[in-house]
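Each in structure tokens, the structures are laid out below.
Across the two complexes that follow, subunit A remains constant while its partner is subunit B and subsequently subunit C.
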Partner chain A sequence: MLKLQFMKKISLILAAIILLLSVGQANAFIDGISGTSFQFAAREGRLSTPDGGNLLFWGFADTTPGGRASVQYPGPTLIINQGDTVTITLANELKEPVSMMFPGMTTLSSMVPALKQGRLSSLVPECEPGGTQTYSFRADKAGTFYYQSGSNQAIQLRMGLFGAIVVRPVLHKKLAIHNTVPFGLYSSTNGVRHPQVRLDYNNPTGIGGVAYNPSNSSDMSTVYDREFLYMVSEMDPKFQRWMEFEQDKINKPFDFSAWKANYWFINGRNAPDTMGMPLTSKNGVVSGSLQLPSQPYNCMPLFHPGERVLIRIINMGQDFHPLHTHGNHMRVVAEDGNLLQSSGGTGADLSWEAFTVTMAPGKTFDATFTWSGKGLGWDIYEDTATFRPYEYIADHIKTFTPFTSPAASGLTPKLPPQGLPVIMPGIQETMAGPNGSGSPFLGSKEALTPGEGGFNPFNGFFFMWHSHAERELTNNDIFPGGLLTMAGIVPWPATGDNLTVLDEYMP
Partner chain B sequence: MTTNKLLTYWLALALIAVALPAAAFLQFPYDIPGIVDWNNDGTATGTVPDFIGLPGTPAAVSMHLAAGDGYSKMADGTGLYIFGFNKGSAFPASTFMKNTEFRAEMPAPTISYYEGQEFYLTLTNVGMKLRPDLFDPHSVHFHGFPQAAPVFDGEPMASFGIRMGFDLTYYYNLVEPGTYLYHCHVEATEHMEMGMLGNLFIMPRQDLYTRKTLVPVSGFTQFAYNDCDNLPPYNPGKTDFETTLVTLSGSMCGSTGYHVQKEIQFSDFDAIFHQKSLAADVLPFADMESSHYMLNGRGYPDTVGASVLNDAASIGKVNYYSQPIDSKVTANQGQRILLRLSNLSIQNFTTLEFNGPAFKVIGKCAKLLRGPDGKDLSYSANSVFMGPGETYDLILDTSGWAPGTYYFYSRNLNQLNNDQMERGGAMTEITII
Partner chain C sequence: MKISTQQLTLIIMAAVVAFISLATEASARVYDLRADSANLTMPDGRVVPVWGFADITAVTGDGIIKVPGPTLDLPAADANLTINLTNRLPVPVSVYIPGLRLAPAPASQNGRVMSFTAHAPAAPVGGETTASFIFTGLKPGTFVYQSGTNPATQIPMGLYGAVIIRPAVANQAYANAASAYDIEQVAVFSEIDPDFNAYVGSNGTAIDPNPDKPKNYALSYAPKYFLFNGKTFPDTATPAAQLTAPPAMRTLLRLINAGSRNNVPTIAGKPVKVIAEDGNFLAYARDEHAPVMAAGKTLDVILDLSATPPTEPNFFTLFDRRSWRVSSSDATGSMIGFISSFPAGTNCNPFKGDMNADSKIDMVDVLVLLNKYVNSTPDLNGDVTPTSANGLPCGKGTGVLTLSDALYVLRRALSIN
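Our next item is the complex of A and B:
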């Protein structure tokens, strides 16, 4: 059943995206906070869901001078450098003790668990209500990690006390290997062959990075042009309400055997809010998604054909989630912050490809993704003159002659040769979605039924990246929503193919 | 049916009657070769050339699917309303609707072709006979298709679904062999729960190469993937291979060879959801709980039985086989079996276990388990854990196995029931003679 209400909602959100795109705030790197010394507070907050509801959560706030200062879900993403020693002073504004732990990091502060009345209270020293506690760790390894409360985890992790950690490798942007990429079957405007993958890593004017230290100058297994975070979590609204209104463990205990998720989040938001603009704060000026004050992170992967994207996947929920990428396979290059290599120096030689990756609770994956349209069998640009960057040469200027059915027409050509192998149905015969351009071709636009489309300002190709446990595409009984976002292939600027040109959508 | 609903029904039928003539845009309405300009020379000869000169393997293939509703019969006897696909290739446009409506199959007809073939898939939305109030579009999502384009991806946010009474043709250049799956992506949670799911796999060009050269690899002429290192590509016109003289070789050459293959798709139904759908009630997404666990649309013991004949005569349908695909595998001792597994549940993970000797997991998500430098990443196992939207390829080498009946079944104990009926669910038999 079509939910017009959702379409209305999505219209609002996508209108916000267009605003976002027109002001160019989509970054090549993951949004987060950097440094080696932070002040955090653990406190209560409220998050909004696209069905008009809101839920109580517990989260971390970055109270470091100059920080966002407000509590958020998930906690601030820490972006730190390999080898750094990081110190976090936590102030507890909740009514029960909390703590912070950093799986995969080398913890330097005490690892003595906290006991209360002879029972385990926290896996690490904890912070009493109203008090403070300092934690420190060294990031010895590059990769994708997370932090979380070590206290009363069955409650506190369901409430949202966690956040992502991205550790940049020592060699991030330091190896000049951009020019050693072998050429593939891809071309450019001027006939110069480009590599199959853009790999803008350490291009002096480029934007790319690397997820793990390359083993040698030709190891490109984790080099990328843009990176995106996919931090997944879920909530049972019954539990969140019990925490808010009851919390009476003696007389009205919560039945944990009946815990059942009905909200699913990517980076703390449910679809379609995942595709809204991020909430950004610069020099004390807050802009972006002001309607989501405690959910600052969006998830809107945008990239050009041929670029290699790094997806940092973290499952902070208690359920398995199968992440399916429309458009192409991912290549999983690391798990739990470990490069998939048979020995040091081989690069990700044990990496594997998948169109669906099952995210187990507490696991992290790093996966690369590239899309060029190679081998589709038709020219996605439908033009007759120039090659586009990373265009697949074998499909260039291909045309097809449409015929009617043999019984009806005796094989009379129906239309002059066209770029698409089939005849498109009329617009009244289809029901199109908000991310269509009306054209099957990349960078082109055609008429849509009034009221459809409109949320594809660059006439790109959109691909849904979502949980394939499709019940998770709902927001508390309302379809669609949940664990879903649209990845957009943004055509290269039409004139020229200067790899260093940054178009207006993606700086 | 209320008067109001009946009125809507007849209005819907009227709409279909008016809409059908517009379907003359169909390019590939039948499984009749001959109407494709496959080599772009601007002429259609009336016969599609045989692909790389192999008789019976046309360079372009087509299928015509209907998308609509139907009725399934579970192993415990429960009848459940379904949405689904069924094949209509044999019916010309004039009688297509009449012959295909209310005949949805679960799972959908298996799509299986060779790497290098071009595939035209026409989809006609024949409407919902028992839900005349519904005007849902439908689509085909070719799940896992590499380097896809939205226009043929069937995902309605980025492209579109086809409305009731109309049709559209999808085009796929089948460049990568492997085990995929397909499903309707419109209102995905609802339409997939209702049964719009199907098996899909592409056989590798190594099969055609051995057919062409008449030189088997390690005794095999059929393979799950291109597993030899020096297999030549097709020539640009796809009239032959670039070279047919080489002897195939490589460290993994022949490792995916098999004698018998079977596609097995795990899925489940929540009976209450289906009942509410039929009653046009509010759909319970939040409270969904599966009641019937299935392989290829049937619970055990139906998985190894004959085609499920629905007693749809009461609604005017004769010879309606709602669940035509069994999951039974039979092989001679010493033969190799390829199982193409997929999970299309919308909420359940499953671990499928085998009570015989270890098998080899050789593929995942339509990719040979091989590292980027060619390293063998295949492994031996007795069970395989599979999430929704994942596929796996297993090779069972039956050399030395005692003849008898082996079982392949869900190790998730809650998936071994057909609702209240025990000794059922996601289970099938592999018989070694």
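Our next item is the complex of A and C:
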């Protein structure tokens, strides 16, 4: 028991070290590789878990000249354009045949099942150990998809032979200007009205995009300012160890009916590593989370109030996971790469709003999310002078109802008269966490307990986006961890803010 | 003529009775089912006791206990469905169909509810009991019938089957024209925990009261075989077990999850159109490549090959995207089915070449084929060359064997794909 507690402490320290090494960073677009011709290798690798462990996995490596060339979990995210014909030449460095299939794509290479001694070995032709096999498909539809091995899926999907595919629509960055859309109850700044979403994507040097081809010129349903990938998977360490040390299918077979996940991943990482830096490679210089060499992708959604965020959700596990967004509801706009509009937008709108989306195995969802503070009932900026971008007009200048503390409690409200509608305990009794600002207001900060905070340079709000199956918020029973990340609402830059730092923080 | 109140009542009663009996005659399909035990042999040789239903309806029924049970196929004209159940199992059994009306009559045992409806009592040794169930207000759709008694035990044992209720228009799943199809197939998904079935099959209960080592097999329920129409891979690969979706046609797949796990039925490389859920036609169909099918749910999906380009593979794998929860690493026991879509008059089954029908292609098959070749014995199963443009062993269709057939089977036997 003592040893276990010690181990837990060590794990927490390790987790803290990893966090310290890497301040969150988010790009406007999903990280991945682009092109139409790739060379992949299937090989063995190791991934790190935040409790200090590491697990064996099988993954794909981008061995295309100029590629990162090292195996990764999940495989490289393919970012391709609608209409592209993509060819992947796979080299198999594993000891058993592997293959690649592309659900939702128009597969051009053979789809005939592969047999081994006349028994089904793969749903598509395979690549023998030491050999190569070429797969090709055409991306006829825009959307969110994935690739996976079609061989021996009981083992190979559990080992990690999969990756995401993002297909950019033909109209990506080419739509007509849409920023005249009325923004209803949102504020203006200095007399300039802000559109409901910051459609910089209309600007060739802007950052936004569109996920699907709009059905008509006024359809903005999948237009976004920033996109984030949410590819989830899971592992049972018992199985990974069996693969590493036993693999004796005859005398000591693994009982798959006893398989039970104890690690849950977003983009190949467990929390809190999900919030670390991505591992990036620019001009041959590798930077970012060097301590996670085979888990290059992070998941740290950072965005400004009023921006529309696109969440591309893919479940490559075998269990259902409920994705819960704090802060606001999300609107599911596409499923399996199909826009949720009937008859190409002329019929009913089939998109739906939810605060929990059941991420089903083998499925993809695209959801949009916007946060502005609308409807909270108080001024999130604690500021009576100016309107902020996308500020909800009805709540402007609204203060909290003055809170009268019960005499018996002996506590006093922290921020009269605009304190939170709860009694804030003293600073010695609170923990703010790494993303705390000490203030309930967006863009301002208050004193923190020594050692707290420090990862929130612009004093944003942070909301947990996580699996609502609470058991999945652990790393092998150590809380917090697993299928969890924080989404940060970062205030629009104010006078005096260091824009260089902001650009680094959220490009 | 003066009619007394009493006479009037009698006349009205007679009219009502006449009307009811007329209505009953006009539209009330009756199925006679028998519940009994049977054995299923799994592809790894394990024999698993099951409980199933047999169709013992006069003339039409074959009396064979099946898992899943016989499909109840009801024409549009039927307003009611009567199921006369004969029970030969040592436990009480009933039938209910989620989504259809049945007067509720929960049955209790020792003060606890054990059945959603009245049931046929446990059969005495060597004997049988009976009960009847009348479902009213039928509507078109795909449904599942199952035992409503101690379902946690009886459904995993195999007491379930498909119900199809048809609309007035032929070749449509629902009254809506968007549900039109050229051919239809039923696919029932379920699963088996062989230890659970073995104990319940022998003892009639999942609870082993052994004072030294008590065990509840329902609590330790862990399925190891995942069934597709009652068979598990590789038994699903035989031509008889394969579904057919001819090219240039719209195939209606009536998908039913009779198991207790959630499934994600997926057709490799081909999205489907989900047109109905639980027997309810969807106003707006959904295109999905991995629809979710929760336990007890039914989905009607259209596999539309009517716009098929000639490069279509002509052979599809229909598998549970979660089916890699299997008992062995060579996919034996997993929920993998196949849909053949060969041009008319051809057999391009990729599993062709298994000359001795042992579910695998090895050197024995090469020898058998060579022997037949030498003796000029035609065999359609060995007629594998030439292959189609997309690599399927369509053969010449004559059964005449050639050396290239032997070479093809040899390559398969040596795992050269």
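The definition used in the following text is that the second predicted complex is superposed on the first by the 435 of 507 C-alpha atoms of A that agree within 3 Å, B and C clash if a C-alpha of one lies under 4 Å from a C-alpha of the other, contacts with A are read in each partner's own complex, and residues count from 1 in each chain.
Going forward, contacts are C-beta pairs under 8 Å (C-beta built on N, C-alpha and C of every residue); 3 or more make two chains touch, one makes a residue touch a chain.
All of these numbers come straight from a predicted model, not from anything done at the bench.
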| item | value |
| --- | --- |
| Subunit B versus subunit C as contact partner of A:Leu350, first or second or both or neither | both |
| Which of subunit B and subunit C A:Asn476 touches, first, second, both or neither | first |
| Superposition-derived comparison: subunit B or subunit C, residues of subunit A touched | B |
| First (subunit B), second (subunit C), both or neither touched by A:Lys95 | neither |
| Touching partner for A:Ser221 - first (subunit B), second (subunit C), both, neither | first |
| Which of subunit B and subunit C A:Lys282 touches, first, second, both or neither | neither |
| First, second, both or neither for A:Gly150, with subunit B first and subunit C second | second |
| Partner chain(s) touched by A:Phe462 [first = subunit B, second = subunit C, both, neither] | first |
| First, second, both or neither for A:Ala432, with subunit B first and subunit C second | first |
| Shared subunit A surface residues [contacts with subunit B and with subunit C] | 320, 342, 347-348, 350, 358 |
| Interface residues, subunit A side, partner subunit C - complex | 101-104, 107-108, 110-121, 123-126, 150, 152-155, 157-158, 249, 253-259, 318-320, 335-338, 342, 347-348, 350, 358, 360-363 |
| Subunit B partner contacts - residues on subunit A that touch it in the complex | 1-2, 221, 260, 262, 320, 322, 324, 326-329, 331, 342, 346-356, 358, 371-378, 380, 394, 398-408, 411, 414, 417, 420-426, 428-436, 440, 442, 461-464, 468-474, 476-480, 486 |
| In the complex, subunit B residues that touch subunit A | 19, 22, 24-27, 29-30, 32, 34-35, 37, 40, 42-44, 46, 92-93, 118, 120, 134, 136-137, 141, 143-144, 146-151, 153, 155-163, 166-173, 175-176, 186-190, 192-193, 236, 283-286, 288, 345-349, 364-367, 369, 371-373, 375, 377, 385, 387-390 |
| Contacting residues of subunit C [partner subunit A, same complex] | 193, 222-224, 233-234, 237, 262, 264, 266, 268-269, 271, 283-290, 292, 311, 313, 315, 317, 319, 321-331, 334, 336, 350-351, 353-354, 359-362, 365, 390-392, 412-413, 415, 417 |
